[in-house]
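Look for subunit A in each of the two complexes below; its partner is subunit B in the first and subunit C in the second.
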Partner chain A sequence: MTEKSPPAHGPIGSPEGVGVFICSCGGIISRKIDLQRLRALAAAYPNVRDVVSFDQCCQGPAMGEIRLSLMAGDIDRFVVVGCSARTASDRFEQLAESAGICPDLVTFSNLLDLCAAYSKPEAQSKAEHMLRTSLKRSTMLQITPRSEEERLMTVLVIGNGPSAITASRSLLDEGLSVVVVNPTQRLEESDHQSVIPLEGGALEQMTKAAGDRFRVLDGTEVLSFTGHPGHFLVTVSKGREKWEEASGAIIIALDKVGSEGLMSSYLPGTITQEELEAKLKALEKLPKNIVMVAMDEDETAERSPMSTHDAVHHSMHAKGLSSSSSVTVIAREFYAFGQCEVGYRKAQEMGVRFIRSEKIPAVDEGSLIVNDIHTGYDIRIPADMIVIDNRTQSFGTKKVAKAFSLPLAVDGTMARANPKSRPVATHLPGIFLCGSASEMNLGAGPTMSAKAAASRAASLLHSRIMSGGNVAEVDPKRCSSCMTCVRTCPFHAPRIGKEGKAEVDIALCQGCGMCAASCPSKAIQVYSWRDDQIIAEISSVLEDEGQ
Partner chain B sequence: MRIIGFVCRDSALPAVEHAASKEDPYPSFITLVEMPCTGRVDVVHILRAFREGADAVFVAGCLEGNCKYQYGNIEARKRVTLTKSLLQAAGLEPERLEMFNLASNQGWRFPEIVQEMVSRVERLGPNPIGKVKT
Partner chain C sequence: MRGVLIIGGGTAGTSAALSLAERGISSTIVERSSRIGGLASDLACKGRVQCVKCDVCMSTERVPLLFRSSLVRVITSSEVTTVERDLGTYRVGVVPTRSIDPLSCNGCGDCADACPPKAIEMVPGRKSKWRVVTQSCPFPVEECTSCVDVCFRDAVRTGPGRSEIIVDAVIVAVGNETYDAMIESRLGYGLVNGVITALDAECELNMYGSLDRFCSGRPPKSVAFIQCVGSRGRPGSEQCSKVCCKYAMKLAQSLRAGDAGLDITFFMMDWRRYAAEDSIIDLTRSDPKLTLLRSRPAEIVQDENGRPAVRYALATDDTVAEKEFDLVILSIGLIPPVAGQDIANSLGVRLSPQGFFMSEGNPGRMTDAKGLFFCGSCAGPKDIEECVMDGAIAAGKAYTYLEGLK
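After this line comes the complex of A and B, so read on.
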């Protein structure tokens, strides 16, 4: 749908007609507020064509009536007076679109939450005030530019191991093509981190079954990218050779690789948690004194919750297997999240000793010298077996983060858009994150996050990609080409165009408005959040209050 | 008393809605202007609010590091700091303006913010500019 959208810099025309739909929310709103008076107030407002109140606006019959009213033709925007935009926007924006109305011309007035706690007369005046403000805002809205983007049914996966393979497999199952950009010489098929390990030969099988839908580019690196969700162009290099790979979405699925770590200081006779796990599984006989050092060699490194997680569980199992052994765990700090908390307590009850120390313990003739953080004393602990963390380090994340201009988290991995609500997304739309490239994902593990990222990418490409909406627009007459917006935008949406003036790519713009607020020439306006709209809203709010 | 608050759509507004839907109404002289992100708040908007007679203005965005747009709230803080210096130059107390950060589930923070701004206005008195007729 490409609509005739007036420029964000032109004057705001007067609306064709405003519809006002008032919801009593099953009586919750009408208990405090006189909807009759709200209706009269709305009907008296200029340009309002239709005012209807319903018991529940969001229910089927009411939605049907609203739709008929919208189709009548003299309404080009409407206000829903009831609950919050978060609750209702999806439903009413869809309704607007189906009735041929621009979804950005729907305004919500949240009486349900914001008036709930007031006494009756106060709630009434607050509601009237809110309705006036919403009507003011609604009449000043403009049709926004919108367009549907083409979709390439290919996903580019950047990875070196099981996460990349798992993600690719899910994507191939979804009927998409996959290109793997692998910085190493060969994709690693398994590592200790996979919750569900890949069976041997998985890669070979997959390659055979997928045919030309699956390509692995070994020894390649990503240099830079352009484009938007649905159509990215990623510059890939192999040695001196450079070329572009087109894809609809991108998944960053780098896995950690082995490293020496503490191993160098503790050889010989030192094993890793992974090796201990194998011993525990095989019910091997354990020595008398077991010491686990759950800390990174680098004192400044971010403390990994996973390292104490492993140590707590293995110490518990070791103690269970051989109760006469003495088990000690040394760490800078103990993390015990979720179920691990129970394990931590149980391990203590079973007699595992936990010692906090800031310094790496020194080896001295079959024992370790630990500096206890609480007393400051050095403690000598006999050690027949020293267990250290799995030797891993993150791989290639810095380079990839630079290529995509994505932020890094404190521990050197890549930051997720939101750890809770968007755990496999990056800040850039269409680019997803999984494996140990992302911040610690306790509980889920790299395999799960790979599947999650693949399904996000697939659902993006299997549905229409609409761009536009409340986006920023540059007035070339005012633009002084100072590059402030280019530098400010977190999404790389503005760039200097052929005319030497800034242009905003609406497929990338997320409508935050940072560029508009930082533009020294005031050459940028955001649809629905234009300066004159905001100022009119401020004035109307204060005018009302003054009365 | 007139206090105007610029709130971001993704964090501060849900927090306010959450706070208001409980038994704790915020005073009705506080009015909110919804913003897509506090990064959209411009110096002009804040100055305009004072010119139209607001006694105090606050900007409420997400916790730092939690912005949906990476650093919109940090941009906003920069502009609030800049506007404070402009207010001072114009002879208004910079304390009439403040930036706050709260998460969408921190509804309890909002009454604190309101209380803070109300007590500042009580201390400083009404906006001396009054309402400038345009």
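After this line comes the complex of A and C, so read on.
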């Protein structure tokens, strides 16, 4: 479409002609609604040039006929009566484009859902109302602005550990370049919290194989960002130095780090699960009584299932390594998701003791006092070695949340977007979320969410990024620069431009209409949902009621 | 480019197809049943007052997107029978299956009586009361049409004839089966009135919005959830199904939203929550009518009032307790796909000891190199969100593989 879109505030031009295509959807619609009457109604409507009905509009032969009729007559817009836009919009918009008609000027009159909801006589009158409103709407439509955005084949990953490495590896496999912004001094490689651990040296191998496609910026932080999916500019700082990194998509992959809380409350000599793993790998001699405490000090806070997961696996290995040792695991709940349950059972069969306790065990002369929740008794367990899991603290989430204006969950992790939207996504298009410091799917684990985030970022950059459509536009004559829209928009689309008036970036606008609703000067309109369009639609229904 | 074959049109298969379409790669979905959407399409939205993040909409709202895309071809009521790999391409034989249209079927059972190999069975509580078991039906559609002929409502549907598809890569997303609670007769499913599975409850809530029908038309006053039925148990269902804690809690929240005075009791071993907000222990703090009992019930019997009574032992004393409920919901687990072994044989891959496909580790890497990918709950129990993620991951891998072929 080469036509330039008219401003959203200007007058609406009169339509050349409207085509109406009525579908009986294989009898589903015609069973309840008399399509002959709809045909007559549409034909009598002003500006309607062509009315055709089909058995199945969306099938090949009917599509061909529609195309011919669009190209033959003086038609510049059409109404599809039958299907829902939900399932058929892409098909008919493509058809319109191939027939030289702007895809913005296609209207759907969803009789299919109406037939599902109403019985016969009611459905007929509702369908007639609906057809009149759709025809009115069709004549009021305008061409909207549309453009294709450029795509940078680079992804910026913000992370400090295994999730960032996993995501980077998947992205490199898909042929993209990766820049890792790492707030710590070194990317932490070992991934004892994931179900499938990374092999040691994976980072080194990856860096060697990728060459200049993979850069890690250690000790850097993200300050702010601008841009849109396909082309983000992220301000990164290292000490006092500041510069901009360009990328096509952003993945936030922060992992949790150790906290000192539980460690300090126990005797010196307490080790972490990570240290135990190293001992197990080196086949070191283990002491007689090993106790693992797989719980967080804060009862109400995050109870990491991965920590008990590790404890289950390590207890099995420890028991296998020195069968004379007594191994006890204390946790609130024992997590062994999926096929790991088999390992949990095996550990029990090998003689590992599992004790459920609500309270953190107390230390008493080289042993731990545990309160068993089933019996209510306190049990004394001798402990030569106490193993804890200390990786419980969210890291760097506050700064990142501030830089991207993303919400934080109560426990300080990055909050998930609306569950109805797709997984690993934030509400900002082009910015994805994974890592153990995000409020994520615990069953899936950090590895899977990192891979999924990488896959989604890659599929964004491997497809065309179209912007525009039903977006908001500001009338500079009316705008009083009050900043209401700038503060209201969750997508950061409006900003104050050079002339001191608000401007909406169409690449960021999602067409939600919140700015249009909240603008005190009524200076913002959304394409295809302008006030006069909505009022015209409503009044066409009311006219019907009057008759 | 010849595209990708996706076996199974459930949540993971749908997600993989959409993800491939985003990248401009065409795919063909072959689905065994007559409708797309898999197990998730039977489930009910459990947010009565506000969203409880049960994720059901995540699957059901994505299915219409399939029909929008011109790059996705969907073949329903068909099964993949043969897969041959030849010079990097896959030659796939697809045959139609019979299926029973749930909208037309009235459950008369004539087809089951007429079927020579007795391959039609009744599935209690599901949308369609009858189901054709395609594995035990040996006849191609051309040879035997007795079920089609006998049905006066034309509810038995058959697909088109045998066809062959040539593709570059195969994504297997055949999903899982749910545990058949009738195997454990001590739990009284099918024997005691008022004992239902969570899937029955989901289907009922999806269609009618209440569970009154299971309690002789009256709203239940007390409900028990029995966790880990068909999970963490006998051989064949040793694995933890992961999802049962999550969906049982969401079901309980949905029932609570409908009736503030309802007594809800959970019989459980461990509480394995999926997300931070799924903690039942936090929920009991604010809900005095919610009880947690850490016990695995021994049996469920019918008491003199015709209500189900649960017999269980508690760790605190040695006595056996018995408690009556209006409704007992068995949280059934996910078990490996029944057709898994046949598919594994035709693809030449091995299954894990539990019967799931292996998509991770060394076996995963080997199949990835051949352009063969496994995703969704056929590679281990997964919830809806995880299946959506896994489908996207498999699509990414398939994309990388196809780019390598060029």
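Please note the rule applied: the second predicted complex is superposed on the first by the 397 of 547 C-alpha atoms of A that agree within 3 Å, B and C clash if a C-alpha of one lies under 4 Å from a C-alpha of the other, contacts with A are read in each partner's own complex, and residues count from 1 in each chain.
Heads up, the rule we're going with is that contacts are C-beta pairs under 8 Å (C-beta built on N, C-alpha and C of every residue); 3 or more make two chains touch, one makes a residue touch a chain.
Predicted model, so just to flag it, every value in this text is computed and none were measured.
Visitor: Identify the partner contact of A:Leu41: answer first if only subunit B is touched, second if only subunit C is, both if each is, neither if none is.
Guide: After superposing on A, A:Leu41 lies clear of both subunit B and subunit C.
Visitor: Looking at A:Tyr118, would you say it contacts subunit B, subunit C, both, or neither? Reply first, second, both or neither.
Guide: It touches subunit B, and subunit C stays clear.
Visitor: Just subunit B (first), just subunit C (second), both, or neither: which does A:Arg86 touch?
Guide: Both partners, subunit B and subunit C.
Visitor: Looking at A:Ser463, would you say it contacts subunit B, subunit C, both, or neither? Reply first, second, both or neither.
Guide: In the superposition, A:Ser463 contacts subunit C only.
Visitor: On the A-aligned overlay, A:Arg345 touches which partner chain: subunit B = first, subunit C = second, or both, or neither?
Guide: Second partner only.
Visitor: If you stack the two complexes on chain A, which partner ends up touching A:Ile496: first (subunit B), second (subunit C), both, or neither?
Guide: A:Ile496: touches no partner chain.
Visitor: Counting residues of subunit A touched by each partner, does subunit B or subunit C come out ahead?
Guide: C
Visitor: Answer with first, second, both or neither: which of subunit B and subunit C does A:Gln94 touch in the superposed model?
Guide: After superposition on chain A, A:Gln94 lies in contact with subunit C alone.
Visitor: So in the superposed three-chain picture, is A:Leu542 touching just subunit B, just subunit C, both, or none of them (first/second/both/neither)?
Guide: After superposing on A, A:Leu542 lies in contact with subunit B but is clear of subunit C.
Visitor: Quick one: is A:Ala202 in contact with subunit B, with subunit C, with both, or with neither? Answer first, second, both or neither.
Guide: neither
Visitor: Enumerate the residues of subunit A that count as touching subunit B in its complex and touching subunit C in the other.
Guide: The answer is residues 84, 86 of subunit A.
Visitor: Flag every residue of subunit B that touches subunit A in the complex, lowest number first.
Guide: It is residues 2, 4, 9, 14, 16-18, 20-25, 28-29, 31, 33, 35-37, 39-42, 44-45, 48-49, 52-54, 66, 68-72, 75, 79, 131 of subunit B that touch subunit A.
Visitor: Would you tell me which residues of subunit C are touching subunit A in their complex?
Guide: Residues in contact with subunit A: 19, 22-24, 51, 53, 55, 57-58, 61, 64, 67-70, 231-232, 238-243, 246, 270-276, 279, 282, 294, 315-316, 352-354, 356, 360-361, 380-383, 385-386, 388-390, 392-393, 395-396, 399-400, 403.
Visitor: Could you list, by residue number, the parts of subunit A that touch subunit C in their complex?
Guide: 84, 86-91, 94, 170, 173-175, 195-196, 300, 302-303, 305, 333-342, 345, 356, 373-376, 409, 411, 413, 419-420, 422-424, 439-444, 448-449, 451-452, 454-456, 458-460, 462-463
Visitor: Would you mind writing out the residues of subunit A in touch with subunit B in their complex?
Guide: It comes out as residues 84-86, 110, 112-118, 122, 125-126, 129, 133, 407, 417-418, 427, 470, 488, 490-491, 510-514, 516-518, 526, 529, 531, 534-535, 537-539, 541-546.
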